Amino acid sequence: MAKRRTRLRSDIGWSTPDRIGVMGYDLVNELIGRINLGDMGFLEITGRLPNQRESRMFNAMLVTLVEHGIVPSTLATRLTYSGAPEALQAAVAAGLLGLGSVFVGSTEDAARMLMAALPKPGGRVPLAAIADRIVADHRAHSRPLPGLGHPIHKPVDPRVPRLFTIARATRFSGPYIRLMQLIAKRAEKLHGRALPINATGAIAAILCEMKLPPQIARGVGVMARAVGLVGHILEESRRPMAREIWHRIEAEASAAVRGKLRKKPR
Amino acid sequence: MAKRRTRLRSDIGWSTPDRIGVMGYDLVNELIGRINLGDMGFLEITGRLPNQRESRMFNAMLVTLVEHGIVPSTLATRLTYSGAPEALQAAVAAGLLGLGSVFVGSTEDAARMLMAALPKPGGRVPLAAIADRIVADHRAHSRPLPGLGHPIHKPVDPRVPRLFTIARATRFSGPYIRLMQLIAKRAEKLHGRALPINATGAIAAILCEMKLPPQIARGVGVMARAVGLVGHILEESRRPMAREIWHRIEAEASAAVRGKLRKKPR
Amino acid sequence: MAKRRTRLRSDIGWSTPDRIGVMGYDLVNELIGRINLGDMGFLEITGRLPNQRESRMFNAMLVTLVEHGIVPSTLATRLTYSGAPEALQAAVAAGLLGLGSVFVGSTEDAARMLMAALPKPGGRVPLAAIADRIVADHRAHSRPLPGLGHPIHKPVDPRVPRLFTIARATRFSGPYIRLMQLIAKRAEKLHGRALPINATGAIAAILCEMKLPPQIARGVGVMARAVGLVGHILEESRRPMAREIWHRIEAEASAAVRGKLRKKPR
Amino acid sequence: MAKRRTRLRSDIGWSTPDRIGVMGYDLVNELIGRINLGDMGFLEITGRLPNQRESRMFNAMLVTLVEHGIVPSTLATRLTYSGAPEALQAAVAAGLLGLGSVFVGSTEDAARMLMAALPKPGGRVPLAAIADRIVADHRAHSRPLPGLGHPIHKPVDPRVPRLFTIARATRFSGPYIRLMQLIAKRAEKLHGRALPINATGAIAAILCEMKLPPQIARGVGVMARAVGLVGHILEESRRPMAREIWHRIEAEASAAVRGKLRKKPR
């Protein structure tokens, strides 16, 4: 393939023998020891350090998503660790791989929905009418509304009022949060059941308020969960459950067919 | 497999409709909005919140490992993203998978080496003699010393003095750091070339000072790098380099055989 | 969560001390030494062994997708292996992770498109009219037609006529292949440029002819590529290229910013 | 980093508009429709097509490792799929990641043990004495013997006599298999309990007989298991068990701490 060469360029980082630059900051003198891991996440996404309000709000969202106990991703990590304890990084990766459309991916869907509905916040916008239209649209196409509903946390996901309180305190409360709240209210009325804003829905709205790009909405959950999965590996190394899970499920799941073969072998 | 059942137990987290517990803390009221992502990492590993000294030191180590520009792991992430942009979590996972024995795994090796040499810090220990023995041992078995040497950062890895300064400021400077320094000094003399403590070596020593378990030493790098990889995905989505890399390398690497087939087909 | 228990059940395999069942076959006496790896793939998807025609056709599709030299997935595998040579499985996994919507995922999209257009093959169907509608639909929504076009293989992807010849020989040539051909012909006319059926498009059509479920269309590519990635790991272990790639790209990509810091530190 | 450039080279594959070469074979005319997936695996590892004996033996080993019902790797795949059903490749990757030192990695360890003991087969070698030394060595260092023992398959792993029968039929029975058998016999006598050669031990010995490189021994299991994991994804899509597993384990594992918080919040 004789193609014209495109110049490769990345502005994220560089190294010389005695210095390292990250997004234009001197890693050694301006970042290490001065900022926390969540601030580094903000820097990776925006290219600049957060101010105090941004640091508090962004870390609050990350802290929200680090840990939710035994869930599919922590189980995948523990099962993987039991087979390859020498490769901690692979066990963390296995746990991240399920953060797709069903769970964490809904943050991205919700952020895109809100951004599409309100591409430029500000001015007088008929938020209630927009919410009505979004709910009606999703119903008409039988599509679930991203960011609403939770199997356990009913009628309110307790993380959501906390996140919205912090959003007010850090002055990131605005039209996207109001729109999300109106969508939830409208959807609950239409469907006649509890459809609370869940953590991913709240975070999607706050990301929009902070003007962070929707395409990395899922990345916020990935950053956070990587931290939590390490804790599960440590516990699994001390009090393992993977083998017991394996043996129990194998015994139950294969009971219906164990010992049975086709009548006529090929 | 009719085996006796072992009770499954995890103490990391729990949920009820209106509350979430993480390591015995109330996630909503005690963690969200009060601590940062690095502190959550400390909580996951130790089961308790860090004090101010611990928070500063632990976040400093994490911040050190988030980003180092274009390296094999960020390239693997970008190449993966180019094929599956809808699965950001898979691109992050791909980048984490190479954090093995060659790079980040050396943190674990160095921490284990230091812990084995000094299982109980305190008291009068002949650190210089221990360092001499460790260096001689590794040389006798032709094994490289973990945590020493860097291809770019010579004669000093600039991250290391910074980390050790913070360790003194947070009172985590002690025998493990001194031992690591003596090992480096001894190795440089023996091998007659620059073998500076690198970032993973410094972090290994500080983890020992903080009494954190060596088996998650690699986990510190994994937590940190997950954050950095999201930044590379965002840049790749805006200014892609994966296709250009692919086409260039393909063209060069297959040049020697392109168009050539065996004389006699099977 | 006090939920009603659903019985867990898997009919794929079972073990007793002296026997192993797979899909109702005796693994030891009916499968090992009697069938090949591709036949096992067919068994996993259909629950039965292939006949000779099916075995030839299915293996032909798998063989097509094993290897395409240096591509993003083989590069991701090699870069990952360079950091974690002790974890071959992780390097293979890294290479698989990019088999998403851009490359291999198009098999799934094409198979779904064909199945939706022709849910029940047989009888007199106006294939040309269906093809016209599909092409027009995709154009109206500015969506690319899955399974068409290739950056290198023009004006014909050489794998496609070969696969279709085998389909005729094994009597799997029917309406789905004809529909795919009509779509390509129509699209080429409409867009005025070469849009040959590519390997994933041909395989999608053949999978439909064989009545295999579209939701595992992507799985055929994943099975195949896992085999090829092991070959790249072996070559990388003998004649490494990962470090050279890293150093070259790093040097070029960071050239524009190396040594540059913001004017006013934070 | 201004380094001297090393030429990049890969001899595995190449493409031109109308041809594709793989290991010096014409993919379209010499491979597709002529060989099976297992033969492609042999080609990737050896750089040449297998003869009939090699094809039968190599496929037999692969078929052995494709499927073992519900095991940690298939559970990790199913749990991952439940969160990201749109990314089949990620679910397969998650299942491969646990094929490490505990399960499939033992093939590599066993192959390396046999190769180290018998670097050049042929001539008169005191196999029994070598076996005695290996068993004594492992015991002295409290290291488990790779390739021996199985939690379910006792006193004989039924796959092993079958594989050894095929090895005799294909004339791949030789000193490595005899050495492995002597090691098992000696170990059973010394430890006074059943320590049958397991499937990975048998495969390790046969790989040595076939002169295949030990560093890809683990790759044989990875190739095979990728095929089996696709079958589990298909079953999970039709008869899901991931959510039930999650809810059950969560309920049991968190029972001891649910609702409990520390006395004194920070």
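Every chain is named by a letter (A, B, C and D) in the order it is written, and numbering of its residues begins at 1.
Throughout what follows, a residue touches a chain if its C-beta (ideal position, glycine included) is under 8 Å from a C-beta of that chain, and two chains touch if they have at least 3 such contacts.
Note that this is a predicted model, so its numbers are computed, not measured.
Interface check for copies chain B and chain C. Shared numbers divided by all numbers used: above half gives same, below half gives different; which is it?
Looking at both copies, the contact residues mostly coincide.
Let me check something: if the centre of a chain is the mean of its CA atoms, which chain is farthest from chain A?
D
Could you state the distance in Å from the CA-based centre of chain A to that of chain C?
28
Roughly how many whole angstrom separate the Cα centroids of chain A and chain D?
34
Could you grab the centroid distance between chain C and chain D? Build each centroid from C-alpha atoms only and quote it in angstrom.
Whole-Å distance between the two chain centres: 23.
Going by the touch rule set out above, which residues of chain C reach two or more other chains?
In chain C, the residues touching two or more other chains are 1, 8-11, 13-16, 19, 29, 69-70, 84, 86-87, 89-90, 93-94, 97-100, 104, 152, 241, 245, 249-250, 253-254.
Could you please specify the touching residues of chain B with respect to chain D in the complex?
For chain B paired with chain D, touching residues are 1, 7-11, 13-16, 19, 21, 24-26, 29-30, 49, 84, 86-87, 89-90, 93, 97, 151-152, 249, 252-262, 265-266.
State the interface residues of chain C toward chain D in the complex, per the touch definition above.
1-3, 5-6, 8-20, 22, 27-29, 31-33, 35-41, 43-45, 55-56, 59-60, 62-64, 66-70, 87-90, 92-94, 96-100, 104, 108, 152-154, 156, 158-159, 162-163, 165-166, 169, 213, 215-216, 218-219, 222-224, 226-228, 230-235, 237, 239, 241, 244-245, 247-248, 250-251
Which of the residues in chain B end up touching chain C in this complex?
Checking each residue of chain B against chain C gives 69-73, 75-76, 79-87, 90-91, 93-94, 97-105, 241-242, 245-246, 249-250, 253-254.
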